[in-house]
Structures are given as structure tokens and as C-alpha cells.
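Going in written order, the chains are labelled A, B, C and D, and every chain counts its residues from 1.
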Amino acid sequence: MGQSTDRIPVAVLGSTGSVGQKFIQLLSNHPYFKVTEVAASERSAGKTYAEAVNWILPEPIPEDVAKLHVKECVPNKNCKVAFSGLDASVAGDVEEDFAKAGYIVVSNSKNHRQDTYVPLMIPEVNPDHIQLMEFQNYGEGKIVTNPNCSVIGMVIALKPIFDAFGLEAINVVTMQAISGAGFPGVASLTILDNVVPYIGGEEDKMELEPLKLLGSFTPQGIKFPDIPISAQCNRVGVLDGHTETVQIKLSKKASKQDIIDCWRAFKSEPQKLQLPSAPIQPIHYFDNPAYPQPRLHRNIENSMAVSVGRLRECKLFDYKFVVLSHNTVRGAAGGAILCAELLKAKNMLD
Amino acid sequence: MGQSTDRIPVAVLGSTGSVGQKFIQLLSNHPYFKVTEVAASERSAGKTYAEAVNWILPEPIPEDVAKLHVKECVPNKNCKVAFSGLDASVAGDVEEDFAKAGYIVVSNSKNHRQDTYVPLMIPEVNPDHIQLMEFQNYGEGKIVTNPNCSVIGMVIALKPIFDAFGLEAINVVTMQAISGAGFPGVASLTILDNVVPYIGGEEDKMELEPLKLLGSFTPQGIKFPDIPISAQCNRVGVLDGHTETVQIKLSKKASKQDIIDCWRAFKSEPQKLQLPSAPIQPIHYFDNPAYPQPRLHRNIENSMAVSVGRLRECKLFDYKFVVLSHNTVRGAAGGAILCAELLKAKNMLD
Amino acid sequence: MGQSTDRIPVAVLGSTGSVGQKFIQLLSNHPYFKVTEVAASERSAGKTYAEAVNWILPEPIPEDVAKLHVKECVPNKNCKVAFSGLDASVAGDVEEDFAKAGYIVVSNSKNHRQDTYVPLMIPEVNPDHIQLMEFQNYGEGKIVTNPNCSVIGMVIALKPIFDAFGLEAINVVTMQAISGAGFPGVASLTILDNVVPYIGGEEDKMELEPLKLLGSFTPQGIKFPDIPISAQCNRVGVLDGHTETVQIKLSKKASKQDIIDCWRAFKSEPQKLQLPSAPIQPIHYFDNPAYPQPRLHRNIENSMAVSVGRLRECKLFDYKFVVLSHNTVRGAAGGAILCAELLKAKNMLD
Amino acid sequence: MGQSTDRIPVAVLGSTGSVGQKFIQLLSNHPYFKVTEVAASERSAGKTYAEAVNWILPEPIPEDVAKLHVKECVPNKNCKVAFSGLDASVAGDVEEDFAKAGYIVVSNSKNHRQDTYVPLMIPEVNPDHIQLMEFQNYGEGKIVTNPNCSVIGMVIALKPIFDAFGLEAINVVTMQAISGAGFPGVASLTILDNVVPYIGGEEDKMELEPLKLLGSFTPQGIKFPDIPISAQCNRVGVLDGHTETVQIKLSKKASKQDIIDCWRAFKSEPQKLQLPSAPIQPIHYFDNPAYPQPRLHRNIENSMAVSVGRLRECKLFDYKFVVLSHNTVRGAAGGAILCAELLKAKNMLD
């Protein structure tokens, strides 16, 4: 990505955590945004970012960010956009404080996702939900949220099917990567040679968030479609990439080829606007019956595309298939950055 | 297990393969059976077992078997019982040859599982299917089969529910261990930091075999119940132990506690007969929401018990839960040995 | 192991940690000892052991211990023997308090290992160092320590060579299991698909502790032999079992067969006394050039034996070989219990 | 890398194997070379490359290569340069056939590495060994070889030390990635939760190849320096990246800082010539005591740089340190391509 001369200065909240680090890495050399502030807990405040962070990514710390002094998570109006990778234990209040101080907060935390006038957004899925923002009562400041990492890949794959054929039921079982739990996150003794068939709170999010994402804007908030969803979430010994088996009932009849055509043709707002982080083709369908696989396909299109395979008829639903997406890029920091890019393109950051 | 003075001499077919090795290890010091013949492909014939085998188990080769000379898979009537761990590419004919020669063949291979008069058997589930054997036309010889490794744990967990409340639908997604693919089996480059959402032929077996197992004996063969089953099978980087998420619709209403009580109370023929390999409690239910896990629970009751957890209501079915069983012991060699123990107890090996 | 009617009551200090758990599991049904007290930090005190502990072992919590109420780590004289799995941050003072109160403390912590009159002991290697205990000035109480987990396997393998041929230099590179770091210990994101070529403090211990273990008792303390040791310690993605490549220079000439004979013939005090946890053969030498391997050999003789292989000449030293031992059993709790068994056999616990 | 209009057509021998695939991936869009022929065993001949190959890399098959028809490994003079990823069982004769037919063969196979007039080459280490080529008696054709994957990283790290201070002894213990064994290579059952302390033939190569690499050109062949080397090779559960602990004795005194300065300043022929695959800085030294690590550092400078850390004094040698390099890129296909780039720059491909 080339550099713009007039990049928008942005803050990263929770900048030393695993999501915060990913924000900083992905924003390095971003054409729209430039990280000028890094905020974290009191413990880190005052140190340079390089001193404060236990950097866990293979890519080095961007040099300009390494030298920044970490500040506490208190709004200071030096910039107007804040990406939040805050822990849910503090994100609720801190994000509100920033919004009230006039910031556009783009958050990866769960706290405000179900607020009536806060968009829970995947730019390919529900870009029109931006309209909710004008109903927020933070003044100039706003909050926009990114869905849970296990939700994003599945809902991108479901969106063109939902639009074309309708959805009557969704059943999903996940095999989620350890990076989804942050750092240190999952102990190695817990996951080596093992599966943990439980991730606290995850199933609830998977059964609820898709409904807001696929819902319709109204001035009273998003109207959720009436689709029962059942989710079962498992942790497996994979570094990055959530693999999910999905079963669906459709409202209208569709052939297998109809659905594959839908996926392959799918382009949405970020593609039309040519947003810098947008994948050219959001959904890649594979014919190889053993695909997609996290190690082979999580990095397609800079980890922003979703990979799908094994579409086949199901004895209990209409169809079943496998979907894979990169949980810390498309499913977290990258997805949130794409949201901010959409806001920029819509002149919401001016 | 103590040793009996009059142990029944048995052959192991396919003795150098991974299932064959497990048979030999589990039959070491068995109170009923003593391995006196080891058969394998032409390539191994003539060598001692220790020379022929690439032994992959942590336990050493039993000393008495190590010295045996490997023979080709041709019946020679030196014993009357044969355990088959043959590859499906040859098992069909070889097992018939042995049956025709008067052997009782207890097979872990898939070839004869759906033969009309061949019992597909889990001793806790359908011991009465032994009756099918008298309709076989091999003369004194007979074939009995063990189900697929992914099927056994699930069907043991379903059996008491099926008996008490009936089943209307079964949905299952598996996370299967690499040992299920034999040796060398899955390449390390294929599975390290990865999930493979496909196991050839596995889903078909999971959608069919439970129906025979839960079916009713008739002189015309087993009458399959009318239960639609949908299966999705995945390979994960776990050494031993298949973890499966199961969803069920019941015929009659049952509370969560009803089902747990059912599981905890479940005892069947092998328990009543106190067969040497039978677990005292076939199904262990865990209250810890993160259980069962393959590394923690696959070895319960000498790997012959099934572990179950996370029973909860489901938005699309009545209930969902997690089941775990050891795929090479309960799901293969150990399960087949338990079948042979049942035959012995029923005087079918006299 | 059968149960004795008059088992010695023992306390476990640091009972909720990973070493403490292993003590409790290994002491279950021990013929000499019975856990009657479990002590841990203030936070756990008052709860039952089952409530306080985050049990991470596949074996269930022993029922009699599960019900015990956890106490703080303050001596109360209800028993006389204490096994310590305390964290090094507190072990120094707490163990002294217990010794002063009259306890025989058998510790797996590093704090007192180099105290002049505290035996650093491997019962097969330096049982005569028990004599140091009478010089301690804690009154009736005493402290005995177990070496670091990376040291024990190597020194057991070196002991018969040292006695027969002398040692002039030792070079060792380790590949250590994650369980050596306790729980939660190593993050899965740190070690999956990775090697960490550093373990804080470990190399210093490996370069020093063997000298005390191979040293000679004098009333002024142990006289260390003059053997330069160089150690390099690495963490690898293995659950249990430290694998180490060792190179040695000998004082006297020895053939490869001489050394193998030495290893195979090695028996020491615990074998002569038939201590309950003693392996029958402390060192197992393998001819297979790819052995020993942690997953195949860590559990030999209830994880108390050491496995050795690949002895061959070296272009820079006299010989090089591979040694493997189970780090949490032989290298920690099991080794400490064997020390206590030796004390009992020597009437030091009366 | 941009594309040149006049790229040199090249063949890849053994093109369907794991090294062959890596050649094809790395040569895609190469500024000097264009793959126009893919050769493999008889079994693959006639199929398109996409049909013949079991592609195991995350990057897709380059489209232009996918359509090529695979030929047998017989020289046909359609191009003049051949990269060989042939299996050692056939590489010896096939490579000679191609050389005799006029090809410049750049080989990753071991067969001709020790031929008197065949350069065993790392372009940063011994570019002057190219002179050997004129003494070969294949006519216009020539053979150049790339060292073993475990050798390259270590020797790059040793080269500037050897030049500045001399080397008296080298001791190395490796922890090698599974990709070094090709595909399917190491079975997952062999390496998950395990270490294999043996790699057939590897230690011999590590004790010999560095001597040719660090040797001096003479018209009678390379004069090997007199440096004893001892190597111990282990396989660990890492996908890519060989980690090695190295100990050295120097001829002249050097401080720790002298050596680090040496490494950081090191530039050689490929850097001066700005060869397209050359890393800008061949050796990266890390101050973090836990670095380098394969997952964090194997991809530095497109996987062509070598990472070094933990330089410290040694009780038995002068210094010890850790070196890491990417075994299939720098240690195989990438290293061989860099050799070819050097030949091109030296007008040896005209």
C-alpha cells in the first residue's frame, strides 16, 4: 500500500494487547490512516511503545510506532479516530468516554455490539447500517463495532445466499484457532494433542450477532430476521484461522451450482469503493473436497477473503459446507480497519 | 488381567498394520485369548513378527508374539478365531476365505459390515444381533464386524437415549484423531497447525452404520430405524480420541436430567457378563463445561469407556452434547476384542 | 501398590500447583505415605482441595484428598513429613519454617539445593549424601532437595560412567517439554510450530547441579568434582519428557560396549532396597538409532526409568548420546518421593 | 520482483516433489528466469502440471506453469538451465545426462556435492568456487550444487567469523523442521508430541559440507580447512525453519561484540551484485535472549536471511549461539536460485 501525504491520525486503544498489536501492524503504511497515539493501561503509560509491549507478531514493530509514548486510555483530542482492541472488562466505559469526547471509535470489543444505534458491521454485509450512527447521542463522536471473530467468516458466506434464497435455519460447529484467545491465552498444556469443546460466551455471540448483521435498518434500530441459529464452539491446536462447518435451510429452492455461482459473483460496497483493505473477491469457493484448510487458505487476499468448500446436500438441512477465515485479520483488526475505510469513503471521518 | 491356562488360540490378520499391532498389544495377557498366529502380506511372510513389523506403540512388542513367524493370510486351521485388522482392499475376500475354512472372524474392516447376516456389533448396544450369525452360510465359520471408529462412541452415547425416548434425527460433526488413519497415515505437513475438513468415506459410514446398530433383529436381517443422520467429519492434530458434537431430536419429551440419569445408569450385556474388556461404567458424564477432552479422558477405564459432556438445549434440535471415545481401542481393536469376549460368553467359540 | 495400615501422614506444600498435583497423584495409594494435609496460598486456604485446585491431570483427584481442606503454608505439626512443590518465590522461607518446626521437608524447589548441608539428591546417584542432614541446624527438622528436571535424567545416565571411567567434560543441549514450565506456563501461541531456544536460569542449574550430585561427602559439605559443563536449553512442543543430547570426555579409555554394559548393569541403593517407586532397571539403552523418543519412552517403568540411545564416537569429545527422562515424574514429584522412600528405608523418618 | 522481457527459459527437474514445487513457486515472476519445462517421473509425464502435482504450498500454482505438460527427465535442449529437485535415488545420473547435453544444472540434491570440480555453493560464502566449473568435463554443460538444508544457515553465520578470527572446532545440535523431509515425509503419528533424535545421513553431511564451503579454491579442487566438526541432528514438530545451537573455538581472540559486529557488517557478493533473491542483510543478530525462533524469524527478508542470537561465552568452547534459517527457501530452492542468479551475473549462463 502506498502512503498518502495527508493520512488521518488515529489512536489505538488497548495497543499492547494482541488485537492492539495487530491493529498497529496492519495500519503500518496504511494509505488513509497513521497511528499517532497508542494508549494502554496505567502500567504501560509513560513508556515508549517498544518498551511497554510484549510484541508477539513475526513482523517487527513499525519503527514510527515503536518510539511513541504510551498514554492512558483517556481522550485527549489529539486525533479523532480510535481503534479499540480493549479488553471487554474496560472497553464499555472507555469507548463511551472517547465517543463523548468526539472520537469515532471503531471497536473490536463486544461491549457495544448490541447497542441499539451502534452498527455491528461487516462492510460487505451491512454497509447501510452506518445510518444508525446519526441516532447515537454522543455528539460528534460515534461508536462502530466489528463482530466476533467466529461470526464474520460465516456471515460473509451466508450473505449472498440470504439475499438470493433466504435463510430459515443455521447450524454451525466451529474449530477455532488459539490466537482467538489473545496472548497468553490458551496454555500449551491445554491444547497440545487436545481439543477443548468449549469457549466461554462464544456460542451466545454466534447465535445472536448474525441476526443483527443480516437485519434491516429502521430508525428504531435494526430489525432482526427470524432465523434460529445453533452454535457449538471448539478450540483446536491451530495458530490462526477459524474453520466452521455450516448447515443451512433455505427459504427458496436453490441448486448447488446456484449457491456456488452466488459466492463466486459476490461483490459488495468495499469492492465497488475499492477500499484499500477490501479483498477483490470476498469469497473463494474451492472444488477440492479437502479444502478449505486454515494453514493453506487463511492468508488469501492478505487474509481478508473468506474460503468456502465442500458444499453438498444435507439429510437434515438443505445444504452443508465448510467456511474458513482468518480470525485476527478478517475476524478482528483487519475487519475493523475495513469498517473505518468505509466510514472514510462515506465521508464520515471528515 | 490374570492368565488362564486354557486360553483360546487366535490369529491376527493384518498383524503388522496399526490396527493389527493394537490387537496384539491388547491381547497380551488376555484371560480368554492367546495370539498364536500372525498373518500379513506376502512381503512379511517368513520373517519373525519382530523383524516384519514397524512397531509404533509405546508398549513393547509382547515377547511371545515377537518370536512368531509371520504367515500369509491363508487359513490353515491351526486355530479357530481370527481378529482382522486387514486393509479394506483385501479384507473382503480374505475374511470370507477364513470364514469358509471354519474360522470365527472378528473384523475391524468395513467390507462385510453391511452384509445381511453379518452382525455389525457393539456389545453394549446390540448384543442380540449375534442371532444373525446362524443365518450365515459359511458353514462353521462366521464373520462378525466392529463399526467404524467414529461411530462407536456416538452410538454408545445414543443407545440409552434411543431406548428411553426414541430418536427422530441425529446431526454430528467430528474432530478425529490422526491415529484413525493408520500409519504412516496423515503426513505431519498436512495436519500440524491445520484442520482437514474431509475424511474420505467417513461421512457415509456415520450416516449408515448407526442405523444397523440401533436396528432390530429379524430373520430377514436387521430392520433399520427411520432416523435421518447428517455427518461432517474433520481431522485435527490429536493423537488419539475422536471428539464429536452431536445434536438430537427425541421422539418423547425428556428433561436434561432424564438424559444424564440415563447415561449414568447405563449398563448392558458386557457389564452383566463382566467381560474382561468391558468398562464398569460405559458412559461417563462430566459436569465441567469444558469436558470431555481427548487428552484428559480418552484413557478412562482402559480406554473402553465413552465420555460425554455439555448436554444442553438446542435451538434447532432438542439437545446437543459432546462425546469422546478412544478411536483405536474402543473404536477399533478393543471394541472387536469385546465382541469376541461376548461370543465366548455366549458359547459361540466352543 | 498395595496399602499399608500404618502409612506416614504427609503434607503437600504448594499443593494446587502443577508439581503439587503430581505429588498428590503419585502419592495416592502409596505404601509408605498418606496425604493428610494440603497447603497452598492464602487465596486457596479454607476451601476443599477439589474446590481450590484447577486440576490438570488426566487421572482424577484422589477422593480422600479432594475432601481435605486447604491450609496456608504454616507448620502445624499434624504430620512430620512435607513434600514441597512451592514456587521458588516463596519456597525459601516456607521450607525453613517447616524444617524449624520439626518437619522433614522433601523439596522440588531450587532455593535450598546449594545449601552446604542440604542434600541435593538422586537416590540412585548419591544416597550417601544423606549424611549431610545431621549437620543441618534446624533441630529435628531437615530439608532434602531434588535436582532440576533437566538435570536428573542426564546425571543418572552419567553416574555409572563417572564411577567406571571418570568424566573430564560434559556438553549438553536439551529439548524440554512444556510441562516443565508448570501451568499455565508456556502459552500455546509461543510454542506451536516453534522452538524457544531459551529457558531462564536453566542453563546455570545444568552447569552446577551435576557437580554437587557427583561430588563426595565431607563433613564440610560436598566436594565438587572439577568437570566443566556447558548447557544449552531449548523448549519444544512436547507435553512430557526432556530429550537431551550429551557429549562427554572420559578420564579413562572405554569402548562403546563398555559404556553400554555399564548402563545396562547399573543398579543402586533404591534397587537394592526395593523402594516402591524405584525402577527395576534405572537405565534402558536402546539399539534402535531413532530412540529414545519422548512419546514412546517417557513412561517406561512408571516414568521412573531413564532411556538412553545413539551412543557413538564424537569428533570433539569421546562419546555422544541421547538421554530422555520424564520431567514431572522422575524429574520432579516422582524423584522427590523416591528420596523420601530412601529416607524411610534409612530410618530417617522415624 | 518485476518481470524482464527476455527471461531465461529454465527447466525444473523433479518438479512435482516438494523441492520442485518450491522452485516453481519462487521462480514465478522471477526477473531473470522463466519456467518453461517441468520434468518428473514417467508416471507424471504427459499430464499437465496441475494434473500431475499434489500441490502442497499455500500459494496457488503459478498459472503459466499449471498448463505446462510434464515431461520425463530427459534432456531435450529446449532450454539451457535446469534446477534439480530430484530425489537422490535418481539425481546422480539424470543430472549428469543434462550436463552432458549442455545444460547448466543447479542442483539441490546431494549426489554431486563432493565431486572434485562441482562447486558446493552458498553465494555469500564461496562465490569464487565458481572457478571449479571450468574444470568439469561435461562440455558446455555444468553442474553446480546447493548444500544440505541444515548446513546453509550455520555456514553463513560462521563465514564472517572464520574470515576474521579463524575456526578451530565446531559443535552443532539441530532441531529441524518437518518440511526438510519432503512430502509426505514425516508421519504425524511420529512427530506430534515428540522429538526424533535421528535424521538418516544428516550428521555426516553436517560434518563434511562446511569444510568444502569454507575451503580454498585450487585447480586440483577445493582444499578443505582442518576443522573438526561434531553434529547431532534432531527432528521436531516445526513446519519450517531449522534451529541450531552452535559452539565454536576460534583461532584468534575475539570479544562478544567483535563477533556481533562481524555478523551485522557482513555483506558479500550477492549483496554487492544486488542479486534479486539476495537478502539485503544476510545475518540478523537479535539481542532478545529468547530469539531467534522459527515461527517468528524464518521469513525475514523473504526467508533468505539467517537469524542469530544468544551469543555467549562457553565453558567448553569459546562461544555458543543459536542460528535459524528457513530450510526450504534459504536452505533449498531459494539458495539454489541465488546460485543461478550469481552465475547469470557472472555471465556463466550466456
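Note that in this section a residue touches a chain if its C-beta (ideal position, glycine included) is under 8 Å from a C-beta of that chain, and two chains touch if they have at least 3 such contacts.
What you see is a predicted model; the values in this text were computed from it and never measured.
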What are the chains that subunit C and subunit D both touch?
-> A, B
Far-end chain from subunit C, centres as C-alpha averages = A
In terms of C-beta pairs in contact, which of B-D and A-D ranks higher?
-> B-D
Please work out the Cα centroid separation of subunit A and subunit B, and write it as a whole number of Å.
-> 43
Whole-Å distance, subunit B centre to subunit D centre, using C-alpha means?
-> 47
Centroid spacing, where centroids are CA-atom means, of subunit A and subunit D in whole angstrom = 40
Touching two or more other chains - residue numbers and ranges from subunit D = 192-193, 237, 239, 295-296
Listed in rising order, subunit A residues that touch subunit D in their complex are 58, 192-193, 239, 295-297, 299
Considering the complex alone, what residue numbers of subunit D touch subunit C?
-> 169, 171, 173, 175, 192-198, 207, 228-230, 232, 234, 236-239, 243, 245, 247, 289-296, 309-310, 314-317, 320, 322
Complex contact set, residues of subunit B against subunit D | 56, 178-179, 183-193, 237, 239
